[in-house]
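There are structures below to look over.
Each of the next two complexes has chain A plus one more chain, namely chain B in the first and chain C in the second.
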Partner chain A sequence: MESGDEEATEKHRIHLRPATLRDAAPVTLHLLPCEILANRPAPVGRFFTPAIRQRPAGLEVSFRGRLLRGEKVMVPRGLAGYVMVMDEKAEVLERKYASRGSKNDDEKEQQERPEPMERDFDRFLRATASFASFHLWGLETVPGPDAKVRGALTWPSLAAAIHAQVPED
Partner chain B sequence: MDLSDLERNNTGRCRLSSPVPAVCRKEPCVLGVDEAGRGPVLGPMVYAICYCPLSRLADLEALKVADSKTLSESERDRLFAKMKEDRDFVGWALDVLSPNLISTSMLGRVKYNLNSLSHDTAAGLVQYALDRSVKVTQVFVDTVGLPEKYQERLQQRFPGIEVTVKAKADALYPVVSAASICAKVARDQAVRSWQFVEKLQDVDADYGSGYPNDPKTKAWLKKHVEPIFGFPQFVRFSWRTAQSILEEEAEGVTWEDSLAEDQEGLRRITSYFLSEGPRPRLPHRYFQERGLESATTL
Partner chain C sequence: LFHSNNKNSNAILQIHHFFSEYLKDASKKMKSGLMFVKLVNPCSGEGAIYLFDMCLQQLFEIKIFKEKHRSWFINQSVQSEGHLHFATPMDPLFLVLHYLMKADKEGKFQPLDQVVMDDTFPNCTLLLKLPELEKFLGHVTEEKEIDSKKYYKYSKEKTLKWLEKKVNQTMVALKTNKINVGARVQSAVFFPSDQMSSNREEDYIRYAHGLISDYIPKELSDDLSKHLKLSQPSASLAKPSIKDKIKLSDEPVEAKEDYTKFNTKDLKTEKKNSKMTAAQKALAKVDKSGMKSIDRFFGPKSKKKDLKL
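Right after this comes the complex of A and B.
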């Protein structure tokens, strides 16, 4: 680990907007066996969802002319799935000013208080959707029980067991 | 031609056929194989067989069937209707291979090229006629690839049948001409009444001939690129024309199997003699196997 990283973690706080967890609507997610070199909304409902077929061997679809076979994976018991988005700095500032009074009051307030919990350079996470299951797709074969993601989902329960307090006898 | 089965499901393959004329189960028959829509970047490829008793070949010839490419669309439709009238001695069957099936075959982990797909489909249709007890004794096929090799393959698969594979068989043998008409009529109709799987808004129906060198087809492809998903399934993604438009106008995609190829690349021989410095400490195997990495920042 580089010291620069540590500094950054020290300085920035990430806040979760709790209200967004309550309002997050359920959504259908697809995990594809490829990386799409873009990060933005896509017309999944028009191009992908209508092309999914239920076959005897499982779900089938194609993406960019390649055959995908898939299955539904449940989020493990005790966990909940959320799609999280990091607010841009500009959005954070906008919200802040929108919810506050005049600028003069603001300045006074800041002088009086020590350090606020939320600072202009902090970042904010917000849930945009929730899920209890997702579709896992494999290239031509159903990912099956050995899929990496399934393994990854077993980590939280193991982590909880490792970090649990051991009773002292 | 009733293509409603295809319209309901056009992501795979679809077989259509006429009833088998009773006489074709009793008398030795000649069977022709041909295809339509092999070259286009749009729509399905259709394989067809047509068969009749050797004794009635003259009657089929009397219909003045010819290579479907030399006929106009209305002439083909008229001839196909005539063949329907002659259903007491002419039978046919089709295999419609959807563009999605063609794309996924050619772009599979193990590449299944168009020639092999064509050969297997043709052989499948001959087998289909045999399974329905058509007394096939002679088969004529319009070639795909080298006629000698293709003929050898088919002859091996059907040892009891006399197989002839020839270039331009659709112009030489009336039974192949008849098959070419069936294939072309079905392909045209399938393209015309194509049901897009995707929910598209205002699809331009003017896609030209569908051949990659047709400017209209190219313009249609460029107009209907979707940056994430590429094209609708109506397009054969495996065609070079489609691929190069995607490279220019759509987002890049890296597949897990293309990554594996990169990693397996050979190292330079000299690299084995150089000290590599301290190896980075890898996380425990538990995490590697699950694709987990620790995150210190978001």
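Right after this comes the complex of A and C.
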């Protein structure tokens, strides 16, 4: 969320557009062992992907002069992976909301009829891609079973037990 | 997912299979019904992001895996933050329990819509739309029906029984998933089953208790510990300043989510990290034999070499 509307944050809802989940095209993902301080298009297919070599010990690639070793990590069964993006439209909606009049009017309105799920000041999120696996890279060594990401990927099965309804007496 | 100040940012969301099933059924007329809202974290009392599926009538918890020095290549683009978001189904009773316990200060039976109210997190009323909820309220409340309207009052006794069952079923999952809960194991690797026998039963209970404690207030966690007859650590040590310290995680909305579960560097290298929940903090100080569960569960074995580019 944008800074600046901190006050309203708590009542905001961010709607996920369901159709975008259905239509999300598969994506190629690499989780790199380094921080690249940029969020923008990058010629991954020109420089990175073609340099990947299959070795007996796993995948290898040279990236900015460093050797990375990697492996394919499958998304566990029962999970689906999505890449999501916040819609730009939100700003327009914010303005629309602001121009709708005083707060009191809104409150009155809310009392008069049931509140809709989507409100003008809400924001929207959509899935731009989906994935069932990704490449996990380590610096010089294959991340292996100790990789923290692998631990995290077992979380859903544990969460399922924690949140399952308990048996009756 | 909710990266501030960057509208083009991509993020990864892992969604539970409920979603995939839902998608198969989703018709075009379905315009909305999936939404992220901020609700109270029943453990810390702070805000956290949850996901509602109004069509499936299911609440999801959002956990974020964050690791330092990780970035994504997403097709032909780079995403600086190598985060992974998990959406997993959550028992809404944990959230309702928070409000029931609060309302219990008044000491009377109340209708649920008067209990689940929150000026800070008005979206909490969405919980009342979950149809299954009423069916399960009996696990944590005494009920009265007057003129076919139901009134509820928090019951500590019933709640502890309910939580005990939660602990038990969590223990089963720990065993099934071969998660090592032993006290002195350095590695987060999942051990083969023959080595599992070294995990004592009490370690499992502690571990499961630690996991459940992330969804209930500290005092209830302590009571549950007594109820489970876990040897009592001198817990008062960590108590006083917890609330204040938690305030430190007052970052933009996405950061208020409790990252510590996955953010294992906090555990190994920054034990006093302010983002730890109350229970985790207390537990971190008093006992290291399996109670900090999720943290350890995701704990790295060794510090991996980092590469700054």
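Remarks
Rule of thumb we're sticking to: the second predicted complex is superposed on the first by the 131 of 169 C-alpha atoms of A that agree within 3 Å, B and C clash if a C-alpha of one lies under 4 Å from a C-alpha of the other, contacts with A are read in each partner's own complex, and residues count from 1 in each chain.
Following the convention adopted for this analysis, a contact is a pair of C-beta atoms (placed from the backbone, for glycine too) under 8 Å apart; a residue touches a chain by one contact, two chains touch by 3 or more.
Owing to the predicted nature of the structure, the values given are computational and were not obtained by experimental measurement.
Of the two partner chains, chain C is the only one that A:His30 touches; chain B does not reach it.
By the document's definition of touching, of the two partners only chain B reaches A:Arg53; chain C does not.
In the superposition on chain A, A:Gly45 makes contact with both chain B and chain C.
When chain B and chain C are set side by side, the one touching more residues of chain A is C. In the superposition on chain A, no contact is made by A:Met74 with either chain B or chain C. Once chain A of one complex is fitted onto chain A of the other, the partner contacts of A:Ala129 are limited to chain C, with no touch recorded for chain B. Once the two complexes are overlaid on the shared chain, A:Arg64 sits against chain B and chain C alike. Across the superposed pair, chain B and chain C both touch chain A at residues 1, 6, 9, 14, 33-38, 42-43, 45, 48, 64, 66, 86, 125, 139-140, 148-149, 151-152, 154-155.
For chain A in complex with chain B, the residues that touch the partner chain are 1, 5-6, 8-9, 14, 33-38, 42-43, 45-48, 50-51, 53, 62-67, 86, 123, 125, 139-140, 148-149, 151-152, 154-155. Residue ranges on chain B touching chain A, taken from their complex, read 9, 11, 100, 103-104, 106-109, 197-200, 226-230, 232-233, 236-238, 242, 246, 251-257, 289-292, 296-298. Touching chain C in their complex are the following residues of chain A: 1-3, 6, 9-19, 21-22, 27-45, 48, 64, 66, 75, 77-86, 88, 90, 117-118, 122, 125, 127-129, 131, 138-140, 143, 145-146, 148-149, 151-152, 154-167. Only residues 1-17, 19-20, 22-23, 26, 28, 30-38, 47, 51, 54, 61, 63, 65, 67-80, 82, 84, 86, 88-91, 120-123, 136, 139, 162, 165-166, 169-170, 172-174, 177, 179, 187-190, 211-212, 215, 252-254, 261-262, 264, 294, 297-302, 304-309 of chain C touch chain A when the two sit together in their complex.
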